[in-house]
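Here the chain labels run A, B, C, D, E and F in written order, and each chain numbers its own residues starting at 1.
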Amino acid sequence: MPLVIGVTKELTPGERRVALVPDVAKKYQGLGAALLLESGAGSSAYYQDEDYAPAELAGDGLSVLQKADVILQVQPLGVEALQQLKAGTVLVGLQQPWSSAERVAVLRQKNITCFALELLPRISRAQSMDVLSSQAAVAGYECALIAADHSPKFFPMLTYAAGTIRPAKVLVIGAGVAGLQAIATAKRLGAMVSGYDVRPETKEQIESLGAKFVDTGVSAAGTGGYARELTDDEKRQQAEKLGRAIAECDALITTAAIPGRKAPVIVSAEMVARMKPGSVVVDMAAETGGNVAGTVAGEKVWIGQTLIIGPTHIPSRMPVHASDMYAKNLYNFISPFIKDGNLVLDWEDEVMAGACLTHAGELRHAGVKQALGL
Amino acid sequence: MPLVIGVTKELTPGERRVALVPDVAKKYQGLGAALLLESGAGSSAYYQDEDYAPAELAGDGLSVLQKADVILQVQPLGVEALQQLKAGTVLVGLQQPWSSAERVAVLRQKNITCFALELLPRISRAQSMDVLSSQAAVAGYECALIAADHSPKFFPMLTYAAGTIRPAKVLVIGAGVAGLQAIATAKRLGAMVSGYDVRPETKEQIESLGAKFVDTGVSAAGTGGYARELTDDEKRQQAEKLGRAIAECDALITTAAIPGRKAPVIVSAEMVARMKPGSVVVDMAAETGGNVAGTVAGEKVWIGQTLIIGPTHIPSRMPVHASDMYAKNLYNFISPFIKDGNLVLDWEDEVMAGACLTHAGELRHAGVKQALGL
Amino acid sequence: MAMKWLIDASYFVAAILFILGLKGMSSPVSARKGIVWAGVGMVLATVVTFLTPGMNNFALMLLAITLGGAVAWISGKKVAMTDMPQMVAIYNGMGGGAAAAIAAVEFARGEMHGVVVTLLATLGALIGAVSFSGSVIAWAKLQGVMKKAFRLPAQNAVNIVLALVTIAVGAAIVIAPTIDPLLVGAFFVLALLLGVIITLPIGGADMPVVISLFNAFTGLAVGFEGFVMGIPALIIAGIVVGAAGTLLTQLMAKAMNRPISNILFVPMAGAASGGEAVEGEQKELGAMDAAALMRYASKVIIVPGYGMAVAGAQHKVWEMAELLEEAGVEVVFAIHPVAGRMPGHMNVLLAEAGVPYEKIFDLEEINGDFAQADVALVIGANDVVNPSARTDKSSPIYGMPILNADLAQNVIVVKRGKGTGYSGIENALFYKENTRLLYGSAQQAIGEVIQHVKAMSV
Amino acid sequence: MAMKWLIDASYFVAAILFILGLKGMSSPVSARKGIVWAGVGMVLATVVTFLTPGMNNFALMLLAITLGGAVAWISGKKVAMTDMPQMVAIYNGMGGGAAAAIAAVEFARGEMHGVVVTLLATLGALIGAVSFSGSVIAWAKLQGVMKKAFRLPAQNAVNIVLALVTIAVGAAIVIAPTIDPLLVGAFFVLALLLGVIITLPIGGADMPVVISLFNAFTGLAVGFEGFVMGIPALIIAGIVVGAAGTLLTQLMAKAMNRPISNILFVPMAGAASGGEAVEGEQKELGAMDAAALMRYASKVIIVPGYGMAVAGAQHKVWEMAELLEEAGVEVVFAIHPVAGRMPGHMNVLLAEAGVPYEKIFDLEEINGDFAQADVALVIGANDVVNPSARTDKSSPIYGMPILNADLAQNVIVVKRGKGTGYSGIENALFYKENTRLLYGSAQQAIGEVIQHVKAMSV
Amino acid sequence: MDGFVAIYIFMLAAFTGYEVISRVPVILHTPLMSGSNFVHGVVLVGGMIALGQAETPLEQALGFVAVLLGAANAAGGYVVTERMLAMFKSKEKK
Amino acid sequence: MDGFVAIYIFMLAAFTGYEVISRVPVILHTPLMSGSNFVHGVVLVGGMIALGQAETPLEQALGFVAVLLGAANAAGGYVVTERMLAMFKSKEKK
C-alpha cells in the first residue's frame, strides 16, 4: 500500500487557496505516492478536478481525513476535523501554532505528527519551503494594488493636455518580504515610494528597489531575520519622525509584524488624523490586530477623509499563483522524505525537526511550548 | 455685476467628480468672475468648501441654478434642473448630446446656451479642453488596475525560492486614449501586453509602448481620429483572429467605442467561453452597452470561470485627479471668453462654435440634429 | 660646432613639440595645452635661428618679423569670432607665400645641387604659390570683399590646362642645367594665377574645406623647402602638417557630406545650389558634433516626442543625459502636454528608463528656460515644437501652446528623415539658422552620440 | 644602380607594410589582415636581399634560412595554444641573438666607422644578447624545464653591479681606437649572463610582461644594428617595434596592476607572494579584458544578484547585453530563486531595465547551459553561486540549489571588494582558476565594460 | 640628404601626422586646422636663413617677404588658435 | 647617415610605433606582442647581409648563427601570431 496523500477543501471562510495544484500532484505521483482529493478542492483557485488526474477523488472531506496518511492543508484543521484523523497521520501546512492550545491537545492525544510551516527554520536551504515568504510576496503585491485601486489619485506622474499631475507619494512601513514587494509594485506603477522598517539593514534593501528610506534613528534588529519588539522610548522617537512621513503620503501600506505576537501598532489615531483628505491606508497586518489604530480586519473604515482598509485572506485574492507557490513549498518540505511510496522521516534533519509541532504525543517545539504555557 | 459661475453637487448616482476644483476656482476669480458653489459640491472628490474660498457658498443647489450665469457641470442636468435656470444661462460640461432629445427641447425653450464637450472638434488647439481624452486617460489606468486587482494571478514575472511564475498575458482591445493608457499601466505592472484596434495607425502607437499588436488584417480608419463601424465580413475576420488572442490571455480589457453610438460588441459569448479558467475581463464600454457579450454595466458577472467586470463611472473611482483634469479642461474651454468679469462669446471661434449644442433657442449641431431626427 | 649642435638640438626639440602640440590639439581635453607646446617650439626654433653662423641682414630680419608678427598678432586678437575662418585662410596663405619666397630666394641664388633638390624647390614653390593666391581669394570671399562666385565658361578645362602649363614650365626649370630667371618668373606668375582660378568659383559653404586643403598644401610646401634648405624642423613640421591637413580635409569634407572632388571640380550641369525647401535648408550634423555641442554646453533641454516612443529610445536618452551630467552639464526634460499619442505617454517611457521626476518639467514650468539653454535636443518630436502654432492662423495646430525650443542657442533635432508628425505639417524650426538635424532612428542616433560623449570625457 | 634602387624601394615598401601590419594588429577587426601584410613585407625584404650585389656564402645562407625557418615553423605549428607564450619568448630571443650575432660579425670584420657606429653596434649587441639569454630563461621557466625561481641573496645589488660592469666593458670597446677581440668576447659573455641573472628570479605570472620587455629590447637591438649596417628597413621595423613594445609592456603591466619596476626589481623584504586567502588568490581583470572576453564569446550568461540591485545597475547591464547581442553574442540572464532580498527582486529590476522575458531563465531552465557558456558574468551575486552549497555540510547555505556559474569556461565576477553576501560566508568560486574579479560598484564597472565593448565594435 | 632617407622621413612624418589626428572630434576640426596652420609657420625659420644668406637686393627683397609672411603666419596662427581653443577652458576645470 | 637625421628617424619611428598601437584592447596584447616579435624578425635581412659579406670562418660562423636565429624569429613569429589571431576569424564574418 503506497503512501496516501490527502487534500481537502479548505473550510475557513474567505480561504480560496488549495494546498495541492495539478503540477505538483504529478510530482508526488512520480515519487510513488497515491493522491486522495476531495472533489472540488481546487475549484476556488480555478484548478479543476480533472486536472489532478489520476488522483483519486473523494466525494466528501471526511473520507479524505480518515484515509490519508499525509494531509496537506492551508489553514489549520479544526478540532473536529482532527478528531477524524487516523492515529499517526502526518499533517503539513500552516498551523497557527501560537494560538493552538486546544488543537495541540488533540494532536498529542491522537499521536499526530504535525508540521507547522510557521516554525520552519529560516536557513538558506529551507527558503524553497518557506510559505511565509512566498505568501508574503503575494500579499505585498496585492496590498500595493489595493492601495492604487482605492486611491482617488494617479500613482504615476502624468502630463496631459491641460497640465501635469505629480506622482503620488506612497509609504510602506515594514520592509520584510511583503513590504519590499509592495514597494516594488508601487514603484512599478510610478509612485514616489518611501519605505520604513526598524531593522537597519532594510535601508539598503529599500534603496536597492529605487525607493527612499525613512530614517527615524531607531533600530530593532532581532534574530533569525525577525524583528524584536521596541521599547516605549524608541516607539516615541519612531512615532515622531514617522508621523511626518505619514502626513505627507497619499497612500500608506503597513506590513510590520513580529512573529508569534500581535502586530505592533505603529500608526496612531493622531497620525491618521493628520493624513491628507483622500489618503488611503492598507493595513496588511489587519488579521493580527493591525499596524494602524482604527483598522478593522476585513473592513474598509473611514476615519475622517482617510480610508483605512484592513484586508484579510490576502493571498486568497490571487488563489491561482498563491496556491501554486504554497503547494510547491509544501512539496519541497515533505518530498525529500518520500521514497518509493513510503514516508521515512529523518529526525536528524534540522529543517524537518525544527518545523515539527507535535509528534508521538509530544509538543516538540520549545518556543510554542513556552508561549502556550505547557 | 460680475459674471457668476455656478457649480452644484453632482446628482447622478455614482458620480463623484466635481466640475470645479480650488486651483481652477482661483483662476476664474483672477479673470474677474464671481463663484457660487453649492456647499459640499467638492466633498465627494475630497475638496473641502473652505478650499474654494472666497467663493460664495450656497446651502442648496437650487439657488445656484437660479442665480448663476454660467454653470459648470460634469453630468448633464436633468430636465427639472434645467427648468430652474435663468433664460440665457450658459451651460458647460458633458451633455450626452446623442440621447438628449428631451433636454434639448427645454434648452431651446429656455434659450440656454449649452456647450457639450463631447462635440468639441478634435483639433490640436482644443486638446487642452478635451474632457473625453482626459477622462479616458483616467479610465484606462483604472481599468488596468481593476484587471490586476481581480486577476487570480500575478501580472509580473516572479522568480521565488521554489520556482518561477511567468508573467500574465493582458490583451487590450481598442487603443484610443483609454486603451493606450491601459496598455501602459499593465506594462508597468510587468504583464506581457498586446493591443488591438481597427485603426491601422494604432499598430505603431501600441508598439511605441512596448506592447505587441494583434494583427487581424481589418482596418476601420474613420475621420477625425474616430473609428467607423465595420462590415459584417470584416467583423468575421476580426473575430477569427481576435478569438485566438483572447483565448490565450489572462486578462482582457476592452475600450472600443464609436462616438454617438452603442459600443461595438467585439468579444462574443463563444469567445468568452474559450477563455481560461480564472481569466478576467474588464469591459470599459459597459456603460454604452459593452464590447463583450454578457457584460452587465455596474456588475461583476461570472461566465463559466471567467469574471466579467462592467465598471461604470470609472473616472469617479479617482475623483481627485479626474476632477482636477476635468475642471482644467472646462477652464481652458470657457476662459478665453471671460474678459474683465464678462462673458463675451465669439461665434467665429471654431472650437467654441463646434461644441455648441443649443444657443438662442436653436439646436446648432448638425450631427446631433440628424441623430435626434430633428 | 657646439653652436651648430645647439641649433640642431633645438630644432629637434621644436619638431617634437610640434608633433606633441598637434596631438594635444586633437582632443578637447588637451587642446589648449597643445597650442602652448607648439608655441614654445616655435619660439625656440626662431630664437636659435638667430645664432646660425654666417648670417647677415639681421636688421631687415628683425624688421620683417616685427612687422609681420605684430600686424598678424593684433589683427588676430581683434577679429570677431565669426570671422575666424578667413583669418586662418589668410595666415595660411602667408605661410604658402613664405615657402614660395624661400624657393624664389634659392632660385635667385642659383645654387641648387642636383635634380632632386631643384625638383623639391620647384614643387614647394608651386604648391606654396597656389596656396598663397588661393588663400587670398578665399579670404576675400569670406570677408565679403569679393561678393560673387566668378565662374569661367569652361572652368574645369581652364583649370586643367592652366595646371598642365604651369607644371610644364616647372619641369623645364628642373631639367634645365642652369636656372633661367625668365622661366622662374613665368612659373611664379602661372602658379599664382592657378591658385586664383581654382578658388574663384568655390562657394562660401565649401570654403572651410578648401582652406583646409590649402593648409595641407602649405605644409607640404614648407616640408619641401625644408628638404631644399636642409632644415629638419621644417621638414618634419611641414610634412606632419601636410599629412594631418590632408586627413583633416577629408574628415571635414565627409562631415559636410561633400566629396572633395565635388568641391574642387565644378559640376558640369549648370548652376549648383538653388533653393529646394521653401524656407531654407535642413542642415545636417553628425553624432560627434551633436555630442560635442552638448558635452561643452552648460544647459541642455531634452524635448522627447512620439518618435522617441516609436524608436523605444528612452533608455539611451537617459543614459546620454546621465553622461552629460557627469560631465557637468545641466540636463532637464521638457514634456509637452500632448507629446506622444496618449496623455502621459512620455511619462511612462521616462519612468521606464528611470528618469527621476525632479528632472521632468512641463510646458509652463520650462518654457521660460529655453532662452538660457545652450542646446535644445528635440528627439522625435515635431508638432509640439512647431513655431507655426504661435503665428500661423491657417495651421491646424494654431493656438496650441508649444515648447519654445526655437529660443535655445542651438537646436538639435533627431528624426529619421523628412517625415511630418501627427498633424502632417512642415515645421519651420527644422529650417532655422540655429537648428541642426541629426538623422537616424532615435535609438541608434542617440547611441552614437553617447559613444562620442564618452570619447570626449576620457 | 637599378638593382640598388629596386632593393631600396623594396625595403621601403617592406617598412610601410610592417607599420601598416602593426596598425592592423592593434584592432580585433583587422588583426588578421595585419599579420598577413607584415608577412608580405618580410618575404619581400628577404627575397630582394639575395639580389644585393657583392654577396657570398649563398649556400650557407640558404641552409641557415631553411634550417632555422623550418624548425621554427614546424614547432610553431605544433605547439599547444596554451604554450604560445613561451614560443613567443623563444622566437623573440632568437631575434635578439641574431642582432647580437650581427654585431659580432661587424666586430669581427673590424670595419666600424666612427664612435657613433661603434656605440650603436655595442648597444645593439648588449640589448640583443640580454634579450637572447633572458628569453631563453623565460622559455625554460614557462615550459617547465626550469622549475624553481632561483633567487640570489642580494639579487638587486648583483643585477646592478653586473649591469655596470657590462656597460663599462662596452664603453671600453667604444672608446678604444681598434677593436679588441678579448674585450668583445668578455662583453658578450657578460651581456648573456646579465640576461640570465635578471630573468631568473621572476615568477611565472609576471613572465608575459618580461617577454614583452625583451621583445621591445630586441626591436631596439635590431634598429641599432640597422643603423650600423645602413639598412633603413631594419631601422624602421626595429624602432617601431621598440616603441610599440615599450608601450605594450607598460599597458600589460598596468592591466596586471604590477608596476614594471616591481617585476624587474625584486622587493627587498623577504619572500614575495605567500597565500593570503586559503584557497588561492582573487585574480583581478580590467574592464577592457572583461569586455573583450565577452565581445568575442559565443554565449554569455549573466547572473545578477543583490549587488546589482544595490548599485542600481540594471539599465547598464541590459545596455551591455544589447551591445553584445548586436555583436553576435548570445546573452541570457539566469535568475536564482533567492537572488536579491525578496522574491522577484531581480524580475522587478530587469523589467524596469526593459529586459524581455524571453531572455530570463530560472535555475532549473539554465543550469544545464553553463557548461556551454564561454562566460558567466556574475554581477553582485555571491551566495547564489557559492559552490560550497553543494558539498560543504557545515555551510549555512548547504543544500540550497545554486547556479552552476563555476562550470562556465570563464567566470567574471563584478563586486566592490571582498564583501560577503547575506550569509556572510566566503565563496570559493571567486578563487577558482577560471574566475576573474572585476572590482567596482556594478553600475560603474559595467559602464566601463560598455565603453570598451563599443570601442571593439567600430 | 640621401634620397631614400628623405623618403623614409617623409613616410614616417606622414604616418605620424596621420595617426596623431586620426581620432579628432568634429568640433575640433577648425581649431585643429588653425593649429596646424600655426605649426607650418615654422617656415619663418626657413625665411630667416634664406634672408640671412641673401646677398643681392633681389634676394634680400624676396627674403624679406619670406620672413614677413612667415612671421605673420606664425603670429596670426597662434593668436587665432589660442582664441578658438579658449572656449574649451571652462569645462576643463571641472 | 648624418647623426641628427638618424635621431629624427628614430624619433619619428618611435612616434609611429607608439601611436599605431596606442589604443589596443587587452585581448590583443599577446597577439600584438607576438606580431611585433615577428616584425623584428627582419633582423634576418641584416644577418643575410652580414653573412654575405663574411670572409673569415669566424665571420661566417657568426653570420650563419645570425641568419639561423633571424630566420627562426621570422618564421616562428609568423606562425604563432597567425594562430593566435585565427581566433578572431569567426567573428569577423558576422
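Keep in mind that, in the parts below, contacts are C-beta pairs under 8 Å (C-beta built on N, C-alpha and C of every residue); 3 or more make two chains touch, one makes a residue touch a chain.
Note that the structure is a prediction, hence the values are computed from the model and not measured.
Any chain that touches chain C and also touches chain F is listed here: D, E.
Interface note: chain C and chain D, two copies of one sequence, contact each other through mostly matching residue numbers (shared numbers exceed half of all numbers used).
Using the mean of the Cα atoms as each chain's centre, the chain most removed from chain B is F. The chain pair A-C and the chain pair B-C differ in C-beta contact count, and the higher one is B-C. The mean-CA centres of chain B and chain F are about 79 angstrom from one another, to the nearest whole unit. Chain A and chain D, compared by their mean Cα positions, are separated by 56 Å. For this pair, chain D with chain E, the centres built from the Cα atoms lie 40 Å apart. For chain B, residues touching at least two other chains, in rising order: 127-128, 133-134, 137, 156, 158, 160-163, 188, 190, 210. Shared interface positions of chain D, defined as residues touching 2 or more other chains, are 19, 232, 236, 312, 337-338, 343-344, 348, 351-352, 354. Residue positions of chain E with contacts to 2 or more other chains are 1, 5, 8-9, 12-13, 15-16, 20, 23.
Contact topology of the protein chains: irregular, matching none of line, ring, star or complete. Here the touching chains pair up as A-B, A-C, A-D, B-C, B-D, C-D, C-E, C-F, D-E, D-F, E-F. Of all residues in chain F, those touching chain C in their complex are 4-5, 7-8, 11-12, 15.
Contacts from chain A toward chain B in the complex involve residues 45-46, 48, 127-130, 133-134, 137-138, 141-142, 145-146, 148-149, 151-154, 156, 158, 160-163, 165, 185, 188-190, 277-278, 305, 317-321, 324-325, 328-329, 331-332. For chain D in complex with chain F, the touching residues are 11, 14, 18-19, 21-23, 25-29, 31-32, 34-35, 38-39, 41-42, 45-46, 49-50, 52, 54-58, 60-61, 63-73, 75-77, 79, 81, 84-85, 87-88, 90-92, 94-95, 97-99, 101-102, 104-106, 108-109, 116, 208, 211-212, 215, 218-219, 221-223, 225-227, 229-245, 247-248, 251-252, 255, 286, 288-289, 291-293, 296, 327-328, 452, 455-456.
Interface of chain E with chain F (complex): residues 1-2, 5, 8-9, 12-13, 15-16, 19-20, 23. Per the touch definition, chain B reaches chain C in the complex via residues 123-125, 127-128, 133-134, 137, 140, 177, 180-181, 184, 187-188, 204-205, 207-210.
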